[in-house]
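Chain nomenclature is as follows: A, B and C, assigned in order of appearance, with residue numbering initiated at 1 for each chain independently.
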Amino acid sequence: MNIFDSLISGISLGSIYAIIALGYTMVYGIAKMLNFAHGDVIMVGAYICFYTFTGGLMSFLPAVPPYAAILIAVVVCTLLGMLIERLAYKPLRTAPSLAVLITAIGVSYFLQNAALLLWTSNPKVFPSFFNFGGNTNIELGGLRISYVTIVTIIVSAVIMVALTLFTSYSKTGKAMRACSEDKGAAQLMGINVNTTISITFAIGSGLAAIAGVLLCSAYPTLVPTTGSMPGIKAFTAAVFGGIGSIPGAMLGGLLLGVIEIFSKAYISTQLSDAIVFAVLIVVLLVKPTGLLGKPIREKV
Amino acid sequence: MSETPILECRRLGIDFGGLTAVDEFDLTVGRREIAGLIGPNGAGKTTVFNLLTKVYKPTRGTIMLDGVDTHGMTTVQVNRAGIARTFQNIRLFNNLTVEDNVKLGQHNHINYGLWSGLFRLPSYWREEKAAHERALDLLSIFDMQDMADAKAGSLPYGAQRRLEIVRALATEPKILLLDEPAAGMNPSETAELMENIRKIRDTFSIAVLLIEHDMKLVMGICENITVVNFGKIIAKGTAEQIQNDPVVIEAYLGKKEA
Amino acid sequence: MKLLTNKTTRSNTITYAVVVISFVLLQLWSGAGMSSSLKGMLVPICAYVVMALSLNLTVGVLGELSLGHAGFMSVGAFTGTTAAMALAQSIPSDGLRLAIAMVVGALFAAIAGFLIGIPVLRLRGDYLAIVTLAFGEIIKSIFTNLYVGFDGGLRVSLLSNQTGIADNDLIIRGPMGIGGITKISTFVAGFVLIMLTLIVIFNLVNSRSGRAIMALRDNRIAAESVGIPVTKYKMMAFVISAALAGAAGTLFGLNYSTVVANKFDFNTSILILVFVVLGGQGRMLGSIIAAAALTILPEVLREFADYRMLVYAIVLILVMIFTNNPTIKGFFTRLFSKKQEGGANQ
C-alpha cells in the first residue's frame, strides 16, 4: 500500500467514524449523556438493511432493492432511537449522569442480546451494494479505489454539510443549539425541549443506520457485536474533536480514521488500537477539552 | 516603627479576555483589623477574593501577605500561608458531617500520614482525638457542637454559613475573608453574627476582610471600608466618611436628577 | 471512646460481619453438597467483589468515573501469575507463593495506576473517563502482544517472540496469554483479600487522607481553599484503587489454567462499574452484594438459557429507572416513610 492508498482508506474509515461520532456528540451536546447504545444502533441498522435486502426479515416480506433496504434501515433506526430515548432515558432526565450512563449500557446489552436471539451469532456476509457494471473498484490515474470508499466519502461529506446547514439555519437546528446551551432558557423562549431532544436522537440514530451500511459494505462481516468497537472509537473521536461540537466530531472522526490506517500500515497492525488511544490521550493533555471544544470556566 | 500590615495589595488587576474585571486595586488591612469591601452587584468584589486566594491568577499587581509576596503561589499555598475564606454561594463538603468539615479545615495541622491512618498506629488515635476536641471547641463559637454528627448539606442555611466560617478558622489563618456572611440571615441573626465576628477577631487575634450588602453590619463593625464599582476603587474610609461620600451615594442610587 | 460509637463505625462493623458470616456459611456449604459449578465461582466472586470495592474507591469516594478498571485487573493477573510461575521452584508453599504473587500484582498495578494517574488526573469529568477507557484498551493491546519467558532471569519482548526461549516454554505467549497455570487461588485467600480490602478502604475513609479525598469529591474549590492539594489526594485514591484491583487480578488469574488479555476488556470494566452503581456509590456493602449477586445471576438465569443476558439487560435498565426516576422514587418514599425528615438539601 502506498501512502496515497493509506490516506484514501484512512479518510474513508474516518468518514464512517465521523458519521457515528456525530450521533454521540449531538446527543451529548443536548442531553449531556454518553449514549453507549449508539454503537449498537449501527449494528441494528446493518442487520435491517441486510435482511430487507435478502428478504429474510419476516417471511411475508419480499426482498427489496438496495436503496429501499437502506431507506428502511434508516427509518427503523430513527424510530428505534426515539423509542430508546422515550422509554429508557426520558424517565432519567433529572437523574445523576452515572445512572443514565448505566442505563445506556443496559440498552446496549439489550440490543446486542436481542440481536443475538433474533439473528444468531453466525456471521452474515454483507452484500456489496456499491458495484457498477460488475466492478467493485475503479481505476483512477493508476490507483484502484473501491466504489465503497468513494460512496462513503461522498455520503459523509454530504451529511456533514447538510447537518451544518441544518443546525445553523433551520428553526429546529437552532432550537437544538439553544437546548444544548441552556435548557431552562430555551424552554422560556418557547422551545419544546422534549421534542428537540427526541429529534436529536432521531437524527443521530438515522445517521447510525447509514454508518452501519457503509461500515458493513467496507468490512462485510456482520455479527451482533459489530457496532461495539466502532462505537467506542467513534465516541473517542467525538471526545478527540471536543465533545458537543459538530465540526469537532467530523474532524475527530477523520483524524482517528487516518491515524488508525497509518499506524496499521507503517507501525504495527497489532498495536494500531493502542496507538489511536495514545494519540487521544496526548491530545487531551495538550488540549483538555478536545481539538475544537470550548474551555469552561468554573464560577466561584 | 509601625507594624507591617497583614495584607497589602498594590495595583492589583485581572483581565478576562478583553474585559478588565478588576483594575488598580490597592488595599491594606492591618493586624486585628476588621475591614469591609462593598459595592453594587457585579462590581468585582468576589473577584478580588478570588485573586487574593489565587482561584484566579492576577494579571497585574502584587499581593503581600504578612510581608511575603504571594506571587506564584497556588490556592493551597496561599491558604497555608495564612488566608482562609468563605464563599458567596456556600461551598461545604455536603456529604460529610459537620465535624468532618471542620477537621478538613484542620487538615494541615493534623500530623499523621497515610500509613498511620491505614494501620491505625498510635499517632492516628492521638491526632484524631485532638482534632475531634479542637473541632468541638471551634464549633462552640457558634454553639454548633450539637450538630457535629449531622451532614453538612442537611443544615439550615444560616448554620451552613456559620459552618463555613468555622471551617475557615480551623485552618488557623492570619486573615479571614468572608464573602457575604450575613446573606439570607434575619436581623437578629445578623446582630449575633456581628458579635461573633468581633469575638473571633479578639479570640484568635486575626484580621477580617468582609464583603457584605447588609449596611448595618458593615457600618457597625468595619473599621475601614473600601468601595468598588466597575472593578475600581471609588472610595475608602471609615463608615462615617463612606456614608457621606457623594461618589458612593451615586454608585448605589444613581445620579440625583436636577 | 466516641470515635467508636458513631454511625459510620456501626455500618462498617455490619459490613465486616456480613462478609465473615457469608464466608463461614459458604465454606460449610461447599463441604456439604454445593454444586461444582457454584464452587467454581467462589474465587471469581471474591475477585469481582474486590474489583467492585476498589472501583468504588475511585467512583464513590473520590468521585471520578473510571471506565478502564479492568486494565489494572489485567496488570495484576499477568504480573502476579508470571511471578507465581517464575517462583514455582523456589517457593514450594502454594499459600506463600499466592500471597507474594498478589503483592507483586498489586505493586505493578499501583505503578500502572501512578503512571496513568499523572495524565488522567489533570482532566475532569467525562474527559477523565474517556482517558481511563483509552488506557484500559492500551493495556489490553500491550498484553496481547507481550512475550515473556523465564530462564533464571526474565526475558521480555513485544510484538513477536524474540526472547530466545521456545514458544512453548514462554510464560506470556502474546495473544495466547498465559497457559498451564497451576491453580493456587482458594476461596480462603479470596476471603482474606476481601477483608484486607475492606480494612484498607474503611481505615482510609476514616482518616485524614480519606477525608481529604472525599472533600475533593464534594467540592474541589473549597478543598483547595482549606489547603488540600488536589493532585496528591486524587493520586492517592487512584493508586490504592489500582493496587487493590491488581491483587484481585492475581487472585483471578491464578484460579484458571489460562489467562488471556481479552478477558479484561472494556466490557469487564463496565461490568464492574455496574456493580458499583447498582450497589450504591460510596457504599461498600452494596458493592459486595451487587458484585456477588450479579456474578451469580447469569448462573441462576441458566433456566432462561438464551434469554438470560436479555433479562439481565432489562433488570439493569429497570433498576436504574426505579431507583432514579423522581416520580417513582417519590412514590416509594411516600409509601415507606410516614415521617419526612426536615431540612433536606439539594
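Simple rule for what comes next: contacts are C-beta pairs under 8 Å (C-beta built on N, C-alpha and C of every residue); 3 or more make two chains touch, one makes a residue touch a chain.
The shown structure was predicted, so the numbers you read here are calculated from the model rather than taken from an experiment.
With centres defined by CA atoms alone, the chain at the far end from chain B is A. Chain nearest the geometric middle of the protein is C, using mean C-alpha positions. Chain A and chain B have Cα centroids lying 50 Å from one another. A straight line joining the Cα centres of chain B and chain C is 42 Å long. Averaging Cα coordinates per chain places chain A and chain C 31 Å apart. For chain B, the set of residues touching two or more other chains reads 55, 87.
Chain contacts: chain C has residues 221 touching two or more partner chains. Shared contact sites, meaning residues of chain A that touch two or more other chains, fall at 300.
Taken together, the chain C residues at the contact with chain B in this complex read 1-3, 6-7, 199-200, 203-204, 206-212, 214-215, 217-219, 221-230, 236, 282, 341, 343-346. Within the complex formed with chain C, the chain A residues making contact are 28, 34, 88, 91-92, 94-96, 98-103, 105-107, 109-110, 112-114, 116-117, 228, 232, 235-236, 239, 243, 268, 270-271, 273-274, 277-278, 280-281, 284-285, 288-290, 298, 300.
Only residues 59, 65, 119, 122-124, 126-127, 129-131, 133-135, 137-138, 141-142, 144-145, 159, 221, 266, 270, 273-274, 277-278, 281, 306-307, 309-310, 312-314, 316-317, 320-321, 323-328 of chain C touch chain A when the two sit together in their complex. The residues of chain B lying in touch with chain C in their complex are 53, 55, 74-76, 79-80, 84-85, 87, 91-96, 100, 103-105, 107-108, 110, 112-114, 116-120, 124, 127-129, 131-132, 149, 153-156, 167-168, 170-171.
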